[in-house]
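Two complexes, one shared chain (chain A), two partners (chain B, chain C).
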Partner chain A sequence: MDRKKATDEERARAYAPTKKPDVINKQKLDVRYHVEDYDVSDRPRRFLEAFAVILRHSNYRFALEHFIRMSAKCARCAVQCQVYQASGDFRDIPCYRSELLLKIYRQHFTVGGMLKGRLLGKGFLTDEMIEEMADSFWNCTACRRCTMECPAGIDHALLTHLGRYILSEIGIAPRALVVSVREQLEGKSGNTSAIPIPALLDTLEFLEDDMREAKGVEIKFPIDVEGCDFVFFPAVSDFLMEADTLMGIAAVFAATGDSWTTGTGYFDGINYGLFYSDRMLERIVKKLHAEAERLKGKNILIGECGHASRSAKYFVPTYCGGKDALPVINIMEYTYRILNKGRLKLDQNIITETVAYHDPCNIARQGWIIDQPREILKSFCKNYVEMEPHGENNICCGGGGGTVSIDEIRPYRTTVAGKVKAEQIRASGCKYLVAPCANCKKQLRELVEDQKIDCEVVGLHDLIYKAIIFDKK
Partner chain B sequence: MPIFELGEVKIQVDEDGFMEEPEAWNDAVARALATTEGVAELSENHWKVIHYLRDYYAKFGIAPMIRKLCKESGFSLKEIYEMFPSGPAKGACKVAGLAKPTGCV
Partner chain C sequence: MQILLEFAQGPLFRLAFGIMAIGLLRIFILDIWGAVEAYRRAGDKNIPWAKTVKKSLGWLFPIKRAFGSRPFYSLISILFHIGLILVPIFLFAHVNLWEKGAGLSWVTLPKTWADYLTLSTVLFGLALFFGRVSVKAASYISRKQDYFWPLILIIPFVTGYLCANVGISSSGYQFFMLAHVLSAEIIFVLIPFTKIAHCVIMPLSQFVVALAWKFPPDTDEPISISLDKKGIPI
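== the complex of A and B ==
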């Protein structure tokens, strides 16, 4: 494919710091995202201390030991990285980014590196290196496409994650994420969008009214019902933004009659810990599992959200009792299952426009959910088109890895990180772009707006809601 | 904490220009904040949206679901984008003096 590189002007705009000069001055950290005030003294020492503590209490050392031996810096990953393809800046090549952290590990945590450092007296961690990492690790959208290409099997996204984790321990993490997680874990509302319970109940009641008007059917959002098959955790922002997705999911359950519920104790699937901190990841996953247990649910059901699904699917067993932990499924797996059993009827004459499916990286890269949504869409959309590449090899929306929540870097996301995706969408000519992920939806809407592409970004259940047929009782 | 000043109005805002103390909001503040959102003058329709947001916020402590805002204020999402170019969550809520929405909003 012939790809146009970003122009100098675009690049300058995308990388320009959006912080006010006095903030930059105070924090002595010229990065493009806001961070909360933190202690800027003696950063290298504190970084290394945090690194040492994390190594001691995790399994990262095994991975790092392997990576420092295997890393060949061959840059094959460059052909996969949509950020590098758009920016053309060598600092965006995944293995260049990984090397930022690997060289610190080599220098400070291996015998050879420490000896070499003593003898030569150089290569020690500096403030400049920390600033480069703080910038670089948040240029990556953590889509993990590079890991598919690496001949040495290096997981660059894992290194980016670890780098962000260490930085967050010394206070360098995007404010947008930190504030949300704080509200989720310590705030009054207990969820990332700070939705109080009365507001949630009001919203669900409003949606029920809306469905009664539109479909003439009584569809409920069951609240706090014990012993259900499914305890539902959508990305909590859906309660503010995605009326149609939620109504589609409720309609599917109304059609099948299976038991499901939303818990007022905790109703947020979002887990930003996956993006920057294992400590937070663990606390949030435990909160999720505890609520499902409180309601004596049989399964944890995650709504249309990529990172929420991945963080629950892979970390609920890690942190909540291994084999004894509740099973986690994504709503699309459920819908696919009942569709196959013939329990869901969809009108094939409603969606006549061109429809394309965007794979959220967090559920597609490992091959988990790729075919199910496609089968669902093809069963009732007349005009389904595919973007290339797709599935396991899909291209990131450009806002992955938590970057979508950082509003101040929107120009970066829509001109650099999402540039390749924009070309892909344009080439597909779709009218409906189905993105079953709160993260992707937000990014793609901003992307099509900024890049002036004529298509509507929707969730999978938005379309199901349009096409669902209820049996007349 | 940055201070936003325009004419008589002087309020504390965050880095994105959202109010830190939504209680200090009044009509003059709304007019001042509107200038940062590319809205030169607040029409009757603008006020309708703003007052709906304020009332909902006073009752529930958060902005309403966007669909609810559209339905109850009687404007389509497109019309709201025309009134507030950065949209309901970032534009309208900012002018109405609500705190910056967090999470994937």
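== the complex of A and C ==
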């Protein structure tokens, strides 16, 4: 039996309907994720209008022109895609998914395609094609592993990204993401978890008390301090769910004495715009940069979160002034740096269990953060094991590309999208699975629970918090 | 037949070759132009040039990279491409024609090598075709042209081999030579309009991917305005 392939029972669970038929009829959309009610009239025309506008104001056209000439349909991407490996559905082959959008581009935005369409009177965009894209683009976890193996250099994840963006402009996007972004950009709380400032301050005070008791030293979460080296933006859900990660980060700063702060103007690193809308991506990135500037910070520091790190690292320069934008670093880069300088002491006798490291796609695929966390872990974990493949070629947790936030598709994520990852974790035999990403952590916890794997999913700084040694002089 | 062959080898060849050359040049220039324009518009101009060059070379000469996925297919594809590229360009008979017609000449392949490469191209072309037919994942994503290309590409190789190596009558030779020249000309004309255009833009692929994620800044407002969404809540 191929353990990477979902069983019939798992497939039945993964693809079970999540919505009532009347909702599907009303929204003219048979997809498993929930969508807010939207204008269902004339979808093909509105899709093409949005596509045209986006092409006019973006850099996508030149890439599409290149891809339509390069696509050789070699199916090498099929071998790399963990979704296809588990589902066995040919419609999950990345090249097939990309073709959904490429053929619309070819047909409606190239001279040859338009002439062919006029002459043959067929091939035009239909409601059925929109529905297929709406389903397909959200079955992909946007991990970009397929892109690594495409000889033609076709970036299937970019095409999924663009396809989702266009769909969102006609109102088709997962409700979970849209609602979060609305709260983040227009809501009272200004963050995706809707945490009010008093609740944030209470939480941090509670954590400070906890750390004082546990470690016997004063460890602070500095708030609204101007002129710090680092302005800190974790995935805001960490304030609710990942206390140990936050305490680990605070403990590292307490040990080094470097200046850092969290701003009450804005404290959310999450950027779901990366998953469905460049317009939202831009607004969120600008909001984050503005807060760091308000506090006169020298660097933007992103917590343990893959997509938050990537959206800041790669898009702060894009939207906030290129070279003049504030530098962005991930917390693991900082911790690695100070560990190398001998400013961080970790007890090597605390973590004796088997530890494995999961590479979040958004920070590993391009080779940005791969060795640093491993060096940190190996410095104090006695039994570090590696999962294969790893690093740039890692396997996605199965909840990438924003899918982890769509709770109604959990069965799909844990039985199909995460199936290959589950087998990889099982094979490693790890007790602690270190996943320095809020999205990966949520997905992997659900995955190990649903797949009945005996291991605990933690953040990197969770383990550091356990092992850190303070100089109490 | 003789008149037809002379026409095919003369004006028709020049026309077909011209269409291919101009078509490919146009595609190459448009690709470069698109990339330059994208770079000019990008908010972040920091491109990992060295890494991208390395990746490009890795795919142009896929000694290490090719065998991670579908290794058997990849090996056949590479061997197919070697003959496909080398034989038409470096065959003595072809270079001789260029020398006579345009005064240009360059290094040529020894005849034995050329023969083996010709046969291997035919063999591997057929293998690619049957592989596409038989591998379900590949056939599911294939278009008509994906089946068509390996077959049409081997026609000039088969006919060329027959003309050069098999003792056939004069009329037989003329027939196969005409088929050789005409099939090559059909290929030339089709190249710029199909996926075979990758022969000139393949070296740019990794740069395109690197640049494609470099978005222009401040697109929210113009897109919102164009889509009548300016000021409308999310």
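Criterion: the second predicted complex is superposed on the first by the 469 of 473 C-alpha atoms of A that agree within 3 Å, B and C clash if a C-alpha of one lies under 4 Å from a C-alpha of the other, contacts with A are read in each partner's own complex, and residues count from 1 in each chain.
Keep this in mind: a residue touches a chain if its C-beta (ideal position, glycine included) is under 8 Å from a C-beta of that chain, and two chains touch if they have at least 3 such contacts.
These numbers were taken from a predicted model, which means no experiment stands behind them.
S.K.: Thinking of the overlay built on chain A, is A:Val40 touched by chain B (first), by chain C (second), by both, or by neither?
M.R.: Neither partner.
S.K.: Does the superposition put A:His66 against chain B (first), chain C (second), both, or neither?
M.R.: second
S.K.: Applying the touch criterion given at the start, work out whether A:Thr203 contacts chain B, chain C, both or neither, answering first, second, both or neither.
M.R.: A:Thr203 sits against chain B, while chain C stays out of touch.
S.K.: With both structures fitted on chain A, tell me whether chain B or chain C touches more of chain A's residues.
M.R.: Between chain B and chain C, C touches the greater number of residues in chain A.
S.K.: Figure out whether A:Ile93 sits in contact with chain B (first) or chain C (second), or with both, or with neither.
M.R.: second
S.K.: Give one of first, second, both or neither to describe whether A:Val225 is in contact with chain B, with chain C, with both, or with none.
M.R.: neither
S.K.: Would you sort A:Asp155 into first (chain B), second (chain C), both or neither based on which partner it touches?
M.R.: Second partner only.
S.K.: So, A:Ala194: does it touch chain B (first), chain C (second), both, or neither?
M.R.: So A:Ala194 only meets chain B here.
S.K.: Please output the residues of chain A touching chain C within their complex, sorted ascending.
M.R.: The touching residues are 49-50, 53-54, 56-63, 65-67, 69-80, 84, 90, 93, 95-96, 99, 112, 147, 149, 151-155, 158, 169, 178, 181-182, 185-186, 278-280, 282-283, 314-315, 317-323, 367.
S.K.: Can you tell me which positions in chain B touch chain A when the two form their complex?
M.R.: So the residues of chain B touching chain A come out as 2, 15-16, 60-68, 71, 89-90, 101-105.
S.K.: What part of chain A is in contact with chain B in the complex they form?
M.R.: Residues in contact with chain B: 19-20, 23, 34, 175-176, 179-180, 183, 189, 191-196, 198-199, 202-203, 206-207, 210, 235-237, 239-241, 243-244, 270, 404-405, 407-408, 438-439, 442.
S.K.: Mind pulling up the chain C residues that touch chain A in the complex?
M.R.: These residues of chain C touch chain A: 27, 30-31, 34-35, 37-38, 41-46, 51, 59, 62, 65-66, 68-70, 73-74, 77, 135-138, 140-143, 146, 193, 195, 197-198, 201-202, 204-206, 208-209, 211-220, 222-224, 226-227, 233-234.
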